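Heads up, the next two complexes both have chain A, just with different partners, chain B and then chain C.
Then we have the complex of A and B:
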């Protein structure tokens, strides 16, 4: 079954199957005022999901439960609550190995509990979409927003996207399935949002109609065999590589890891087509730039406005995909900047490190300001940091 | 999937490995009467393996594959351990992902196959060692039973971590001196069969693999009950001759010595009321068919 052949037909809920480009760009949209959790429900309603598996953890619990409502309504084929995040991500893997389009959600400690699964998903080429509603992974216990966990999943082989707003979140979720399932990509995607700031606040969202849905997943376009005993080969290999201490074994493992990373890079063209570029620039010719991802960008945008009132010209570069990291785009956008500020909602400053690693003269990068543990980042804090650094009152690099 | 789907293109026939050619021509897919007696007679679904010479696990593995009621529509889930050295050679689709998550993988897989193939039976069979089933994966083993997931869990119980070199496992006997149990294991063998029964398994059997008829019956019962009713569990003693100091010819005797009355692997079987009705009906149906066949031949 070629999913494109289903375009124009109706699914069992009476939704018309449409091309992803139609759903994302052409379908008439109406305005709704909703939380990030409700955005998940509405995206999944339109995403032709086969299986979703849930586990409660703040702040993603509501979204996971709303997907359960869709299951009862008949929009999702199979749904249940698993026993913990490690098991849930393995249950998702089982479903994906069996040929399902799979969606799940997690947060903070749940992401880390599940961690061992993520490189396995990528290595097994399972195009699972996981929404990560990031939160602190601190001890003592914190349930507050914090982006530290994104820094911890960077090298799992998954695609990692970071949405700033509810609108972007909706569009990223819908696009992520299509990018994940492209035969030359076929990798999991973590669609990240900042917990509470996006998951729990209401925002205006322009929504395509509920009576259309994405083309379903075709497991037979996968670059690896679907484990359903419907496709050869029936015998997987002649000489298993596990436990072999020889060059061919090492080379096989090494080249497969390279291939997973190459597949991640190959996602660029599909991602650019469906979410319009890996970065966004606003007034990027300015000498001072604020560069970040997620809601730190929104706060940066307010800081730009406050500084403009004082006559200071500042631009913004928003990074939408963290894996693949948009090296060329960032290098190009930052080429004329003299001062680059990277505000982040975590104590480690992983985004600043990523940026420093890909541009020349990286002493232009000021890693900060940082807030953590659930603190908000008022635009005034960013303004203050920029003024301090530029006036020489503060050490240029910290964090 | 039948043999027609795995047929080799004529153009490429001669360059395919001979054992693959044999598999396509002679394997027992779609043979209703398949069983352990096919071992050595028909093409086996396990081609070769890197287990130790004389390892009882290897014969147990061959019995299990020979006894699958419908291999052409069976997907197996393994875990890390000696079995993961064999699975890549097995001619049914099989998944190895992580150590201990086999029953979680199988839960997602079975539900997906039921969703995608509503008109067809797709069996899912988990086959893992005792470390995977009882220690690192115990949570997921039990939770899949609580949830009444419709697949069979088979545990190859060799009473230790064989593949990593003989460390203590939850199914090791109390008092046994092994690696990580330098003063002898301090607690009893985990009573997983009893736990299985109390956790919702509809068919539970414990035995060694010294008697292939018995293994065959248990495997078929477990898979058919899982297909129709709910979770099932089989625990097979497959001693690690290497780690208990036996020679390669001594595996069978070790199993025989462990299955007598009162011994650890005395044959035990539990069948839920629901499963009993189902199995009795199946038995009666088989007898009816046999009788009808005999009558037809007599004419």
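Then we have the complex of A and C:
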């Protein structure tokens, strides 16, 4: 049955099934003061989820437990705790292959433990939504936020979005299912937030009512047949021809990987429609710009406020989707900037590399400031770094 | 009124430092102000350092994470200072001039002369409040120490209204609340102390009100009370 025909009907919890555009843009919203973990619960309550699988790891444990509460209340079809993150992501694949709308959450070391599954999901065109609440992955151990893990999943073929605030997190989660399930996309989406800074932080959220829900997933809109062992991509896994070292097997793999990346690129039009663009600009005509994603942008906004008090004009460009990377939008937004600062919550500076790779005259980019291992980035640190570089007290490091 | 008020709560795991921050921020938002609160702690264990932060302003707040430059520091346990169970050394690191220190202790702690001189030079008064002793006296449990600390803060600064605080307390303790395993266990422990949930709410509010009066009285004795 076409799920669109369900619009206007009621599900077993008495929620009215509505078009995603209604849920996201038209439904009246009320104000709530809640944590990012609670945002997950409220988004999933409205998302017509068939299956959710959980495994505890800080900082996502609360969110996973709250989805369990929803299962008890009857809002989620099936929910259980997997054996570990690798098992969880494999089980998510099984449920998605079977035609279910699947949601899960993970963090830091859990993301890496499950890693093999992410390119498998993308290659199998499974529209699973995974909320990644980023956390340090290095030793010595840290449970605090560090965005290194986003840098590690960039090339898995998944769509990767990075929300700045609790509000954006809610809207991203709801939109992600719709974009993931478009037939010309049909890929997993990693909706990332910074652990603690969003997951455990109480913030104001405008929330659509609880008595409406997204149209359910329609597995028959999948561009690849569900669990059909005779047709790619499943056939690739069982059929010896692609496992051999010959030209046909290489060509098959190469073309499929290109198709997965093309599908990721094709998500743009749906994403732009549902989350209002791949980037967000504020005063982007300024000669000095702060460009980043997630909490680095939030801290950047406070730095802009502090610098404005001193008469220094600085703008902000927020990157909402890291995959697909908004090359054109970033090039356009950064065309007049003289100094581009890229603050990041990781030691590697992967976001600065992404930006440098897509703009002309990339010596305009200053990779920093950086904090790592869960350290906070006070706005004063960004202000100080900008002043140091502009006054020539600090050499811009390129590379 | 300060444009932005930054508050750092330093305590030990199990004392309700995180809960206090969320309750205070919720109360501030009931007062119609912008607020944001977040905790900071290591792998959870009782008596280990735990911190939380509240930011309150008349405008949208983006800043989050560990609070480095606070206007108010609330110390929930003497060990934060005496045993250095704190994320920042010294415990008042980053305090803004004209700020305020509220310390849960029955008597003044043996701070170094250099500490006292520095705080004095920054015009930062110290308000010692016996929050745990008062919590045991009023609510019958040391688990209400955090309520005492909130009462002390409110009395000394009038930061949030009593009505909003009561609504925030009801939000937190009046309905089912899912948090981490440790927090859930403590929630159960405190519920067992009271025959009914209403009694828990009542005793919490009683603690806040009684300590509020002490805080308000203390604020009268300060020459340049903090403007919040």
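Simple rule for what comes next: the second predicted complex is superposed on the first by the 383 of 399 C-alpha atoms of A that agree within 3 Å, B and C clash if a C-alpha of one lies under 4 Å from a C-alpha of the other, contacts with A are read in each partner's own complex, and residues count from 1 in each chain.
Assume contacts are C-beta pairs under 8 Å (C-beta built on N, C-alpha and C of every residue); 3 or more make two chains touch, one makes a residue touch a chain.
Just so it is clear, the structure is predicted and the values come from calculations on it, not from any experiment.
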item: Chain B versus chain C as contact partner of A:90, first or second or both or neither; value: first
item: First, second, both or neither for A:179, with chain B first and chain C second; value: neither
item: Chain B versus chain C as contact partner of A:77, first or second or both or neither; value: first
item: Partner with the higher number of touched chain A residues, chain C or chain B; value: B
item: Which of chain B and chain C A:50 touches, first, second, both or neither; value: first
item: Contacts of A:150 with chain B and chain C, given as first, second, both or neither; value: neither
item: Chain B versus chain C as contact partner of A:98, first or second or both or neither; value: first
item: Touched partner set for A:65, first chain B, second chain C, both or neither; value: second
item: Partner chain(s) touched by A:124 [first = chain B, second = chain C, both, neither]; value: first
item: Overlap of the chain B and chain C footprints on chain A, listed as residue numbers; value: none
item: Interfacial residue positions of chain A with respect to chain C in the complex; value: 33, 35, 58, 61-62, 65-66, 69, 141, 143-144, 164-165, 196-198, 200-204, 295, 298-299, 301-302, 375-380
item: Complex contacts: residues of chain C adjacent to chain A; value: 22, 25-26, 29, 34-40, 42-43, 62-69, 178-181
item: Touching residues on chain A, where the partner in the complex is chain B; value: 50-51, 53, 77-78, 80, 82-84, 86-88, 90-100, 102, 116-117, 120, 124, 225, 227-240, 242-243
item: Interface residues, chain B side, partner chain A - complex; value: 1, 5-6, 17, 20, 23, 47, 50, 72-75, 77, 84-85, 87-95, 97-98, 101, 104-113, 115-117, 122, 139-140, 143, 147
